[in-house]
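Here come two complexes built around chain A, the first alongside chain B, the second alongside chain C.
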Partner chain A sequence: MDFFLSKKIVEYACLCGVLSPLTKLYFCRHCLNLRCAFCCHHEVDSHFCSNCLENIPSSEAKLRKNKCNTCFDCPSCQATLSARATSIQVPMSTKGEGGDETDEGSASNKMVTKKMYYLACLACRWTSRDVGISDQTSQTCSWPEQEYFHSTRFQLLSEHFQAVVLCDKEEKQDYLRRKTVKTSKFPSMTDRTGLTVASIRRQIGFDKSAPKAKPKPTNITPSIATSEVEDLPDEIFTKPVNLKNITTIKQRLAQPANQPETVKHLYPQHKNLSIKRSLRCRHCEHNVIKPEYNPSSIKYRIQLFASNHVPEVRFVKADPFKIGESASIILKIINPTINDMTITIMDLPTEDEEKMAIEEMRKTFDKSVSIATKSSLTPSIMRPSLIEDPRMVDCKITGKIELPDSSFVVNQRDDSAEFDDDIQGDRQDPRFIIWRKANKVEIKLNVIPCDGLKKDDDIITGFTMQFTYSNVHTSTPEKESQGLRHALNVRVYINPGKISE
Partner chain B sequence: MPIFETVFQEKPAIVLEIGSVYTKIGFCGEAHPRFIISTEIRSISDILKKSYISLYDQTAAFFTKIFFKYLLASPKDRKVSIVESVLTPTVIRECIAKVLFYHFEVSSVLFLPTHLVATATLAVENAVVVDLGFKETIVIPVYSGVQVLSAWQAQPLGSEAVHDKIKAELILNGVKEEILTDAVIEDIKVRTCFVTKQSRALSFKSKEEIQPCPDLEYPVDGNDVIKVPGQLREVAFEVLFPKDNDRLGLPYIILDAILNCPVDTRKVLAENILLIGGTASALGMTARLKAELTKLIESDYYKNRLFIQEVKFHSAPSKPNFTAWLGGSIYSSTELITSSSFTVTRENYLKNSKIPDWVNYESAFVRTQG
Partner chain C sequence: MSKNENKVKIMPRAVVCEDSNIRGDVTISSGSVVHTSAQIIAESGPIIIGENCIIEEYAKIIHRIPTNHKLYQENPEKPHVLVIGSNNIFEVGCTVEALKIGEKNIFESKSYVSPDVTISSGCVIGAGCQLFGEQHLTENTVIYGKTCQQREALDKQGSHMLQLDFLRKILPNYHHLRKPVDIKSKTTFATSTPK
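Up next is the complex of A and B:
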């Protein structure tokens, strides 16, 4: 298979101009175009913990700072910690056991085994006991949280600056209010008579109630610089270092808040959540990929993988390439849909044609954006997505394909056909078709290497493949019994090998 | 109004500080970044030689990772603040803006200058901010909450220089070059090296016989052992304090920056020095800088120009490597994120496709007029 071990032999050009193997492409059935991960819009669908597979609603995930409450990561090697149980002997307390009431004398002598838990890393043998966290009575109970030393100071700073900015804003508005010239045509009586709001208030006897106090920024004690700085400890010059006690940079950065320097201060870290992502086509705002909510399910609610809709081209074999001589390559074309496909192989667009197509795309897009931006009342959700700027395909053709003279049909996919005997259709196949079975067709094409190639240069060839696609899922009212048939184009680039001579 | 504000509370803005080695990522209004990850857009100058598209793709891929693997937040219609040095090339800022608006469709982007926002973590208005980064050290004084841009100083004195020194020394000692990967050297630097005292540095310099700190055996991959000599552990950071007539060492550029400021601000600035950046967390860095600065202000060269008696250092409520991020977090939690003239909104960007620059406020003006 062409994508085996991700060797890029057959690649498809997405509408945005990025090349990728068919397995990494999507097919938007509303715009009937290829889409890739680069030109789709990614969205966070649901949060879950990859260890306990618990689905966590996004509001809760936000509260928990995208961390799982129950799972922890090893601070030493970043693997997942597991809770281990030990049993210890404790004197039975009469208070705790409400159910059975024994007399106190015997209870004090009685020992019960109690299960206690601690966290251990199965990868590097780090345990929560190493740093002096006492064992807990239940697996999921609250492990002591590490406090961040500077959080109160940060709170003060944050509040202070919020107040400062608000105050600033207020002053600016005040200033603007005073500055603006009155637009009224009629002279204000109070202006003439020198009666101001303040003086009227005083006359009426409201003078005590002063105008609303302006918001003042909270006072904050600024940091005080000192000339006393922490000196190097003297023993650093004499005492040999034990590397085992000093944390590595990776361990430090895994705890960004405290960044412990010694292993004594390593602390189990709440496991970071993972997400399921959905992809959305930027042109029509429809989803192309939407996973199921359940974290343990690997299924999709919407899955528009290109490999289910677009004929797959596989490279089978090629004759050795020689400079100036045409060589034949054999390609296998597979129809993944349940309708017969008529496939025509055509030339790739020339550079100018490609540029024109890109211009066209930009224009149609600009129009839709300008309509949306003109009315400033359009709410943000109604705004069309911006498309990625389409680009030229970054691939230089070094081998020209001799186009076959006619189009051909690839049969529909039929899972039961696998078990049938080989039934040769009575179809009159053109000469370039050398093999046909079920929904697969092998074709033989000639490739002429371009001039100016040297030995060991890569041959890259390509063609535009036009195929008929029956949109059976269409939801438009003109739906007919067979659905709509479209002729779609995809650009395929093949790297069949190097020049041998 | 307050009722509505709480009901329709906006999604918190995303704050990013993209360093040349580590990127600090998190949300505004939080006291520390959520993650510190390695920057995956390396050697931007090399990429630019290839093509702009390549830089765009790499930035997009890196941001995809940040949003969907680490922050787990859909960037669409979110506000993003980028903390960056004022010396960042325009190409990069524009690329970041383009990626964020076109690829991720964020609602607004606010670029914040590293040195200015770092002072917010102290609640002071005057400070000399020394950003000791990986590639270079940039000194910009901030006075009355304004960056004194004319006084900026920058030198390629950072962790990279220290790494090169360690690597060269170890190779001289007969360590195979292939085991000395960047990660190994960084680890050796972080775990074993420190900035030694001034007196000892002078002794090493003059080849005096003093007892260096103990040697160390650093195991690599379970096969090899690198012998790190004690002297290297002490002098690795000496590359930041070169003793020559160029006067381009770390203490020199700090004093030069102060010297470039108006006379009546110099005393205040010298008494408010803030060290930020990952290299500043090296053991003994502040102490050594203090000793060097104190000695320098007594020297003939500065004595008659700078009339400073002493230098003082601030310590921010954070680790030095994310102080600037913290400043960004504080700034972004205020209303500035919507009202600042540096905020580029989506609508404005689509109209002008321009972002305001520190030297070119053009699009900022367009915004206020329109």
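Up next is the complex of A and C:
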């Protein structure tokens, strides 16, 4: 499905002026408008591991450096490693080692099979044995962590800078505190006498917090840059290179801490966590996409994909375009909702109209931002949402559509209707409707290429599609009183082909 | 050798499904398993498949020396025998035209190996990997990924004996099999060429 929708033949314009295929758009049912990814807040709902599906709270995810504790990625090809079991024969461990020879002989009779595990990649057949990691006794037991040459240095550095940040913060708070005291309109008695509460406390010997020294950043030896580099080994130009032993750039960057040069130092890497993301309309702060919390679920709690709400326009075919001659194109319009839709095809706004609409939008945004900051819906911490600045659609129309003379109805989607064969032929359709079945309609429109086009120039045409939308989900009473049916507009741009001659 | 002549020799204990497409002079050694709709085509000379190989569905083994190949240009008349070592696995949908194949190799699904490639032992051609151009795969080479990256495995790949045993047991229950050569009575299934 995405295959022929993602080809940029039919595109819809978001309010902000960005063109995208319908599959990449969302529909805010509170604003009743299309929203593209730029017009939504992207929020991280939860962290999880895509392999073991463990849900990890965000604070813990930060501690774990956004990596899963138990799962590993192949250092060679970045696929997920799986633990494989082998059984080995080991002598029964009854006594400690170092028994005499006869003892060993009797022990070898009592062999037990023991399961050992190693990590293997199913894609490139890399195994943990390749780099000499010994097999482990349990599948989930902690595999030996790789040690890095610079790890202590990094530890020190990070501690140092944490202290610096803390120090900065405290100084700032201190400064603010002093400043606010000075600007206070109501000087207290103690202020006039030069006695502050703190100084009194100190004098009485009451203060416990006074000796508390401010956390000073620990001193750290700064790194020194040097221009002297070790010479290359002599055989570098003479020794043949075995590329199989040298890591690729991708493999090196997958292990940023030590960036190994040879495959001998490739080491299983903890798997990166994935996130569940929810999208929020920037205009009304309502969710448009909210996935279910459970990592193993692929369902949504809120899913307002545009393809479920907005009629889909598909390009079927077009006559060859010739300069100065009108050619017909056939479009299929599909109603994805469970209500009948009345569709009217209108002209695209002219440049001036578009500019005016953008100006108007900007004004209403300013208003809505000021409201949004006050509204209780947004917590005070959340900054007022920055709304994507609307702009002109970046698409030059090179073909004009002859508008059909009437609007038409597209039937509701009915999943059971696919199994009925009877064709509803009783509806009196206008002439430009050439085919109709269930929730699909094919229309034939004429396109006149604009003047000044040459051979092989792209024809780009478009129209404003007005459709009736029944908001069945609204729960707020004020909206119900407005009536459930809305007439909405979307701008559709179509690229039906090139001028053939 | 005329191309229409089918001289299929199936050794005892080999399991060859009847619906497989085997053309030309092909010898299948004992213990090997050929699934249905596998193709083994010996055009430029005989094919000898070693012991305990698995040739899965839609796998193609083709012995066809192209006219621009070194072997053909040196001497087009000289017969060439494609000897495939033992313990090779040809997975579903692979196409192998290599003219020299060692032991314990795995050709994963949908992989392709051109006639210019020679394969030693213990190699793995990853799923979907296509090998063109004259090259020799050294032992334990693993080809993997979209860009056909190469790496060297420490060991040869694990044994597939369990799978072979299972296939030998289960295939006769569901498929008609070609009859192997009866060594005792010296009558062969296809032809009676003496060794």
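Methods note: the second predicted complex is superposed on the first by the 360 of 501 C-alpha atoms of A that agree within 3 Å, B and C clash if a C-alpha of one lies under 4 Å from a C-alpha of the other, contacts with A are read in each partner's own complex, and residues count from 1 in each chain.
Following the convention adopted for this analysis, a residue touches a chain if its C-beta (ideal position, glycine included) is under 8 Å from a C-beta of that chain, and two chains touch if they have at least 3 such contacts.
If you're wondering where the values come from, they're calculated on a predicted model, not measured in any experiment.
Between chain B and chain C, B touches the greater number of residues of chain A. Judged by the touch definition given at the top, the superposed model places A:K440 against neither chain B nor chain C.
Shared-chain residue A:H265: touches no atom of chain B or chain C.
With both structures placed on the common chain, the touch criterion links A:N66 to chain B but leaves chain C unconnected.
Shared-chain residue A:W126: touches chain C; no touch with chain B.
When the two structures are aligned on the shared chain, A:L166 is found in touch with chain B, with no touch to chain C. In the superposed pair of complexes, A:K332 makes contact with neither chain B nor chain C.
Judged by the touch definition given at the top, the superposed model places A:C77 against chain C, while chain B stays out of reach. By the touch criterion defined above, A:T248 lies against chain B and chain C together after alignment on the C-alpha atoms of chain A.
Once chain A of one complex is fitted onto chain A of the other, the partner contacts of A:H47 are limited to chain B, with no touch recorded for chain C.
Shared interface residues of chain A, touching chain B in one complex and chain C in the other, are 243, 248. Those residues of chain C lying in contact with chain A across their complex are 124, 126, 141-142, 144-145, 149-155, 157.
Chain A makes touch with chain B in their complex at residues 38, 41-44, 47, 61, 65-66, 148, 150-151, 153-155, 157-158, 160-162, 164-166, 169, 220-227, 229-232, 236-241, 243, 246-249, 252-253, 256-257, 259, 272-275, 277, 369, 373, 376, 380, 385-386, 388-389, 391, 394.
Taken in their complex, chain A has these residues touching chain C: 76-77, 123-127, 129-130, 243-245, 248, 263. Residue ranges of chain B in contact with chain A, taken from their complex: 22, 24, 29, 31-37, 53, 57, 60, 64, 67-68, 70-74, 76-77, 101-103, 105, 107, 120-124, 186-187, 190-192, 194-197, 200, 211-214, 216, 218-219, 271-273, 281, 283-284, 286-287, 290, 310-319, 321-322, 326, 329-331, 333-336, 339, 347, 350-351.
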